[in-house]
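Next come the structures, one after another.
Note that chain A is present in both complexes that follow, paired respectively with chain B and with chain C.
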Partner chain A sequence: MSPAAARRSAAPQLAAAALVLIGLVAVPWLFSTFQTITVCYGLVFAIAALGYNLLLGYTGLLSFGHSAYFGMGAYTVALLVKYMEWTSMEAFVVAGVLGAGAVAALFGIVCVRYTRIFFGILTLALSQVLWSLALKLFWVTGGTDGLRVPTPKLFFSLLTPAEDKLEFLAYRYYYYVLILFVAATAVMWLIVHSPFGKALQAIRDNETRAEFVGVQVRRYRWVAFVVSGAFTGLAGALWVPLNGLTTPDIVYWPFSGRIVFFVVLGGFRTFWGPIVGAMAYNYLETYAVGYTVYWQLVLGIVFVLIVLTLPQGLAGTAEGLLRRMRRPAPAT
Partner chain B sequence: MDTLLTQILNSLFYASTLFLIASGLSLVYGVMRIVNMAHGNLYAFGAYVAAWAVGLAASTLHWSLLFIVLLVGALAAAAVGALLEPTLLRPLYRRPEEYQLLMTFGLLLILEDVMRLVWGPHPLTASALSDALGSISFMGVTYPGYNLFVIAVGVVAAVGLGAFVYRTRFGVMLRATSQNMRMASALGIDVKRVYVQAFTLGCLMAGLGGAIVVPIQGAVLGMGIDALILAFVVVVIGGLGSLEGAAVGALIVGFVRTLGITYFAEVELAVLYLIAAVVLFVRPAGLFARA
Partner chain C sequence: MTLLATRGLSKTFGALRAVDNVDFTVRPGEFLALIGSNGAGKTTLVNLISGLFRPDAGRIEFEGRDVTQQSVNERIRTGIARSFQLVNLFDQMSVFDNVALTVFARERKTRSLFALADRDAAVADEAAAILAQFGLATRARMVAGGLSQGERKLLDVAVAYALRPRLLFLDEPTSGVSTREKAPIMDVVTSVVRSQGITAVVIEHDMDVVFTYSDRIVAMHQGAILADGTPDEIRRNDQVTSTLIGTVAPA
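For the complex of A and B:
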């Protein structure tokens, strides 16, 4: 695609993104506290999904161990609260990203030596090392009881926690998450459209050719792995104050499956797919849990149907439909 | 001395159930190149069906006949496998392999809740069988007879599966398909049928594993996921797609678990995963990889 054509195709996307952003800014005024907090969870998960998709969609690596980085972000914050008595959200964000990034850097050294199924199993196995530590070292991590995290101070203590926790989460904290979500999305957009991002896509499409044109495949994969882990860690750090508690469940591998679900539901071949998927999944789960105890069955059926009939995911399918509408079928 | 023997028997008991689960997982991967994430839940399904069938039959049948009733669990899991492969997996063979993995993950979610739906949240037990065999004393130790039975089943299954894969005509077809699916197809092997049969056989092994442990452990929700993770460790150590690997991997994991429970209970799982990671680091495709 020529630069001009790329700009032309990016413009409507950015316009649509701006519209969605205006909608997101208006959420706390338009909807109930409960709804706003649900959207807030969706935004947090969307950050994790964006990070995850740098590996699956752009590098072609299917990880089943991203709970490790989400959990690492969350537990870093919780441990800082417990042992250092930190209260600043900015510090939490930085520490969560660094903590998850460090673990991803370490695990990545082992994992990026493999691709395909072995990559999946290895990421899974390593994430379960962290899970069993979070579960078993209960004198540090609280075991299955987890660790409590009080509402933090935002913006270098300019905003102190409000009296009413729900109010705080639905207004101040919501906007805090929204700002970081926008920043994370912008950074990810720059990453995937940078030469580095293009190199990752070259690796995804043909590893051998990428190697031949001088891409250092393994190093690029490792960097992608670390960036992906850091984004997921950011999501974990933002999630903890929202949830108020972190338990080993978020390090357990079904949580990795949930992140995979976000991305597959939205579509991993589009930039916006993971965001759409995370928001949609969050609503799906919230309502499925409300209606039936067999919500996992509902989710499983949706998942199987998506894999069978909509391999492009929600966003990918919508994008395909739009493109077909805009460009009428060529005359035969 | 007697504690050592007990520990060895415990390890063999673990190894035996692990082999039953992991061999099916490995077989399916070896032939179809699919890692079935729902495999653990088929194991759990076998356990539930077996416990349910034993519960129904316990009052009417003599206890020795209940061992045959256990097989119902294995057959039920096999039937589910025979149903799933043609309907949900076959349409995906033309797609990138990620989709097959994703499909089995969806099946994992569904099966987990189907079991909750059918049998409710409370565990099922079939302890009539393990009670019936009592304890056996030999060489200064007293050991549950049923655990010895499980060890025997594991050994018989390993030998039987090995003979089946390496000595029978069907085994040849299985191995041919596994090595080169297109070439096997060109030589007149009905690959579609081999796939169904291999998947069904894999599920049968998982179901047998579940059925055989249910008199001891009972059938509980979540048992499938725990088993799957351990089976992954086994096949990663042994090498995916290799039966010998599954046997050796199961023995290693069995012994490490027994040691772990005695000496490092807190980090037992972490140690197992670390062993798997180290093996992958040193021998990327596992100890018994063929390729």
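For the complex of A and C:
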């Protein structure tokens, strides 16, 4: 595709993204504090889902252990608060990304040697090592009580926490998360459309041939693993001030399953799918929990229905419909 | 003068000696056909030379340099590329991206995480030119998995060609396509390869293709080299005709 054609084909997507962004900017002014904070959680989960999909959608690796990197991001922040008494969100973000990236780099060395179920089980097993540490090293991690994280200072302390915590989360912190969400989305867009991103897709499609065109398969998988872990770590770091508390639950394997759910719900074959899936899941869970004690049953049924009826996920199905509508009718 | 030479190359799978003490040479600029019945060891020999398998014994020299221990990637950088018997493409990527990715990899640009691939005009131009050479320009935006078998065979060769190899192995470039499609595919492949001065080794079962397009023929049987000569010499070789070719019309 020529550069000009590439620009033309990306234009409608970017226009739609700009419209959605305007909508997201308006959320705190149009909706209640509760709704805004719910969207804020959705944005945080969307960053994790974007990171996760670099592995699943673009590299063809199904991880069951991304709770490790989300948890690492969150616990890095909580431990910096506990031991260093840091308060700067910028420092938390950098530390969370680096902490999760470092663990992903280490775990990745082992995991990327394998594919398919072996890869999945290894990621799961390694994440559970971190979970057991979060649970059992209670004098450091607080065990099941977890660690509290107060509202941080934003933008190099230019913005200090407001009196009202909910007010802070629904305005200042919401916009802070939105800025990082936009930045993370832009960076991920760049990565998946870069020559490196093309190499990952080649590995996903045909590992042997990728090697025979000169792609260093294992090394590229490892880089993808680290980037994926770092994005998920960023999400963990942003999540913890929003939640105010981190507990071992977010390192436990069901949380990894939740990240898989985001991506499958939205569709892992499209760039926007994980974002749509994370936002949709967040709403679904919030309301299912509010309406019934059997909320897991509701989520389970939705998951099964999505897999059976919309295997392309919400965004994938929508994209397919749009493409079909745009395609001219065949000549008769 | 040889471009590639194997010395005592052997590979066994269990009790089967797939490649048995083979001394195989390729001269610069030739279009060589490797023939033999199924199981003769042709593909295994190519797998050993291209680095897919490690030999049990023997050595492989490219321009006099021992490449036996080199990885696949190192061999590609040395100038050895290959296509595959069963088409091996990136099926979910576009036809264009199959070639463009290869150019990116060759130029070591796949290390770049923060640049838009589609904005690289030099790579785009080269990929488009390669697709045009192989007659696939009109298919550029199609998904590779949607091509016909003949087109997939051509794209498989185009991907290997995009590495700008000096020695190109073509593993049955016309297998699985109709008789009518074979000559057009071979015409395109040989014209591109010869115009660029690339040395090529083609594994082929179709004797019409073999005798029409090759400068030299190496016949294999049960893991060993049975005969080596020009098409005329091979035609006159009784051992080859009785073992491999059967009744072949005289030239």
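Note that the second predicted complex is superposed on the first by the 323 of 332 C-alpha atoms of A that agree within 3 Å, B and C clash if a C-alpha of one lies under 4 Å from a C-alpha of the other, contacts with A are read in each partner's own complex, and residues count from 1 in each chain.
Here, contacts are C-beta pairs under 8 Å (C-beta built on N, C-alpha and C of every residue); 3 or more make two chains touch, one makes a residue touch a chain.
Note that the coordinates shown come from a computational prediction; the quantities given were computed from them, not determined experimentally.
In the superposed model, A:L297 lies in contact with chain B only, and not with chain C.
In the superposed model, A:F45 lies in contact with neither chain B nor chain C. Judged by the touch definition given at the top, the superposed model places A:L133 against chain B, while chain C stays out of reach. Look at A:P195: by the touch rule set out above, it reaches chain C but stays clear of chain B. Using the contact criterion defined above for the overlaid structures, shared-chain residue A:N206 touches chain C, although it does not reach chain B. When the two complexes are overlaid on their common chain A, residue A:F92 makes contact with neither chain B nor chain C. Comparing the two interfaces of chain A, the one with chain B and the one with chain C have no residue in common. Listed in rising order, the residues of chain A touching chain B in the complex are 56, 62, 110, 113-114, 116-118, 120-122, 124-126, 128-129, 131-133, 136-137, 253-254, 257, 260, 264, 293-297, 299-301, 303-304, 307-308, 311.
Chain C meets chain A in the complex at residues 50, 52, 72-73, 76-77, 81-82, 84, 88-94, 96-97, 100-102, 104-106, 109-121, 123-124, 128, 140-141, 159-160, 162-163. Of all residues in chain B, only 29, 33, 35, 88, 91-92, 95, 97-99, 101-103, 105-114, 116-117, 225, 229, 232-233, 236, 240, 265-270, 273-274, 276-277, 280-281, 284-285 touch chain A in the complex they form. Residues 1-3, 5-6, 187, 190-191, 193-199, 201-202, 204-206, 208-216, 220, 223, 227 of chain A touch chain C in their complex.
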